[in-house]
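Take a look at this one; I'll ask things after.
For reference, chains read A, B, C, D, E and F in written order, and residue numbers begin at 1 within each chain.
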């Protein structure tokens, strides 16, 4: 097993493309986006089936990557999160096939 | 008065009230987003096709062009008025006021559709090209709002990861504009003969689908109100009620000066008075992420939409009849 | 006999059989949940509206009130009988037996709808207020089941994070009750004139939509059977087959004593005989999370629903004709 | 020529073009997958029922059996031709070529449906059993492709976690075969009397639903093209344009030798010419996971589907008329 | 980067509101709920598109939080999971903006 | 709290059943499958609402488990990922009720 970083970014759907551009530019090898159903934050509360405009939907981006592109990306994502709703966390994980990333 | 009662007791309005009540009573029922979005696309296709077929029957007179232009001008100007009111009367900051103003300059296609139904049942006629006016009024307000938000501020740096053109694509190529304009063009090209074979899907069931959609809108509006009302002070709620009247008056004045028929006058008033709750909120998250959706969505969907549906439309219809009848 | 064959060879039943067979043959096909849920809401709106319009045509006689009351009483009492049978004949524990009993006291709206179609094609009439009876019979059984589950136990402490009122909201304000009762009221208020404009959506395509929905129910039932049958012993399966007969007999007896017409008698029997598989399972997860869905869902959707659709409805119709014809 | 223009200006084709254009202009609009999948099931039920009812009206002559057999043979053989062309003219490896060939041997049900509409508006007739031919032509091509992919290779070891029978279930019991064959049988059994009550749902709105579905297909095709075209060299794109002509010629020759009527000849040509983009791509992920979807999906949905819709169908119709008219 | 706790609760949808109330009462700063498609457990097996009642659906709640509200919440969630189907795990992760939580 | 392994397998939907069979055979106590909306990889890019065949959809399998069945499963999953598109990561997490797994 080989150590990699798992980045998890919970971000509003309208900003998804922007986040993806940042990730791609930084050279992560891939990411997968999961839909969210509902959420709660400092005062806010949203639910997918209850908002026709879907403008408050959040999504979760998961990217497994080497440490270096992740370190690259953090500053840019920080900037994005100054403007858009979202939170980011990273953790160390182990993967099977390091050449895959 | 009778007209108003007839409006209030139509299945469409009653299903909206049903949804609203269920949400206010904290029922957990929901209509799946994927299904509601499918219905929304159906409704826009249907209304576009209908407008297009009607347009194919008549000429493109000069009047049509002036009404189209008037719609664009209205959508550009209304946010300025809305912004001024909000900044004078409420404590909203510049960004929230500009974002809210964008909603009131743009339009609500469901309000428009409901109005066309009421106009017909009142025995009046409306023109197919009003659908084109509706489509054209969706976007300009957003540009005005962007200018209002930035006036006097130092130029905002572009958001990380943003791309030139993404806002323009979101605003000009969102589902409702693509489908409305596209279906309008298709209806216009294929005319009555093309429409014939698809009218069992796009014409006959239309009002029924609208009932189902309004049930969902009632649920959304009720939930918006329950969650958002704490964020709205008195002046904001009042804005949600008087602003449509101001806009409708302006729309009516323009229609009067252009001398268009009563049904179209009512529709232009409705377009001016209605506020967006699908296209503009999404655009605002891209263009002004700092503005708070709980303010503009609650106002537009929770306050102004029900007001227009129950009180506004019959009122505008009454005045349109008075001016142009 | 002919009636039964006609039932079995109707498109509705055949689409159910198609779904059931596909699932049993392990086809991977599915109908998206969001789409099926949208269809379910459509079906309930349609049936509510239809019932309401019919009600608007006739007076609210004393008989109507007694039938409504009888429905509520039936829904309260049936779980007691079901619970007794289950505890005597099967090895289900108290909680599972009570939860299962709740399903059999409540109703299946699709079974009801299918029955109204067969009644009509048999040339009989049914009353609009039977939709109200159906709506009223959804919830009471849940209360009885809660009492049965707790009898003799020390009072269960409330579940962590639960809130007073949440069960009541789930039970009384779930989608099917809100939509059925709401649409019934709307149909009643707007009457035939309101219905006219929306009937191309809510009346004409109704039976076709039902076919599509029954295809999905067949898929669900087949999957339930394939996965759940190991959890069911012989006595439980038998219960799923004789309990509807017992309930229908009780429903028929009440209908006979009230002297209502044959079509309504058949419908009351069907309501008594049918078991819930949408509203009650959800309520049970809230109210009795320890009860096992694989038991009650498999029984109600996999055993009793197909039984009623293929065998039960024609049988109840036959007896209703015998009693009241 | 006129026929072709009429085809190109039908609402169906225009909605496809609308979706295609929106996607190429990078509009972000989407139709929710759950909704589109629901529509697809509706379309297959409707076409199956219609074919079944038509079959119930006529006898099962020997000719029917030979056409059914011819369809199966075609689906088995076409991949061999497609594979040969791809290996000669393009740089695709064995696996990609085999997977692509499977798509061209199988069929596109939407192309088939569109063709039946155009055939009818051209005043021709087609037979109900052609739906059965369509269903039978879905799967055989997959088997041929598997053989082509493995020829000369050492036997591939089975994929970890795979189960015997899973591919066969995916291929023979996928949604489109289950629904087409099931609805065909139901239409056949219940005949016109059964159909009557459900035709307001399955017959009247059919063409309208098709428009909505084609809008979604246009969006998918456009996106496929935008993302996939870099993976396609000139020879592959050319294959997507000439292969349908080759297949149609073969289909036409067989139809001619069997002496079937012009409408059915056109349909057999269309079935031969059309390429799968729903059932086969899914089967290929199971059976040949190494083949690249960006190649076969882009070719079949982005190149061949629009070609058939706009150019192919009128052309096949013209030749069918020439041969059998 | 700053260390936080990532709580992940896989729980039946019907108990979602109860779990959310517990989290909110304990003072976590937010959570996001993801839908699940299907699942397998000790003998059970469910699939979203195959159950009309949706009574067996599961959802996943993700909450990034300080250690203290999480410790608060664990006992209550334990109680909830005595009644309802669900499993819980927590892990240490790093976040960008600690003031956000 | 007790230490367990959290396995996260991002895999194409068409291979989901195969992955599940492997997990079940190896004796994990359960897993939950989440849908994904879209993704990006080495050159590829997919989006759920834009592909009628759904043949490129990915899903995420989450399984919390003891170390031993996970170690059992890794080799078989490695084999699966030789054929099918997917990536796997594992991480150490803490759970409340160890007897649950």
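Convention: contacts are C-beta pairs under 8 Å (C-beta built on N, C-alpha and C of every residue); 3 or more make two chains touch, one makes a residue touch a chain.
In this text the structure is predicted, and so the values were computed from the model without any measurement.
Visitor: Would you pick out the chains that touch chain A and also touch chain D?
Guide: B, F
Visitor: Which chains are in contact with both chain C and chain E?
Guide: none
Visitor: Centre to centre, using CA atoms, which chain is the farthest one from chain F?
Guide: B
Visitor: Does the chain E and chain F pair touch with the same residues on each side or with different residues, judged by whether over half of the numbers are shared?
Guide: different
Visitor: Quick one: point me to the chain whose Cα centre is farthest from that of chain A.
Guide: The most remote chain is C.
Visitor: Measuring centre to centre with CA averages, how many angstrom lie between chain C and chain F?
Guide: 39
Visitor: Which integer distance in Å separates the CA centroid of chain B from that of chain F?
Guide: Roughly 45 Å separates the two chain centres.
Visitor: Counting only residues that touch at least 2 other chains, which ones in chain A make the list?
Guide: Residues 20, 34-35, 77, 91 of chain A each touch two or more of the other chains.
Visitor: Pull out every residue in chain B that's touching 2 or more other chains.
Guide: 30-38, 204-205
Visitor: Between which chains does touch occur?
Guide: Result of the pairwise touch check is A-B, A-E, A-F, B-C, B-D, C-D, C-E, D-F, E-F.
Visitor: Per the contact definition, I'd like the list of chain D residues that touch chain B in the complex.
Guide: The contact residues of chain D facing chain B are 9-11, 14-15, 18, 22, 25-35, 38, 204-209, 211-212, 215.
Visitor: In their shared complex, at which residues does chain E touch chain F?
Guide: Of all residues in chain E, those touching chain F are 8, 10, 34-42, 58, 60, 74, 77-78, 81, 87-91.
Visitor: Taking the complex as given, what residues does chain E use to touch chain A?
Guide: It is residues 1, 4, 6, 20, 23-24, 29-35, 59, 62, 64, 91-97, 100-101 of chain E that touch chain A.
Visitor: Note which residues of chain F are touching chain D in the complex, please.
Guide: These residues of chain F touch chain D: 12, 14-15, 17-22, 44-45, 47-56, 76-77, 79-80, 83-85.
Visitor: Which of the residues in chain C come into contact with chain B in the complex?
Guide: That would be residues 32-35, 37-38, 41-42, 45, 49, 169-170, 173-175, 178-179, 182-183, 185-186, 189-190, 194-195, 197-202, 204-205 of chain C.
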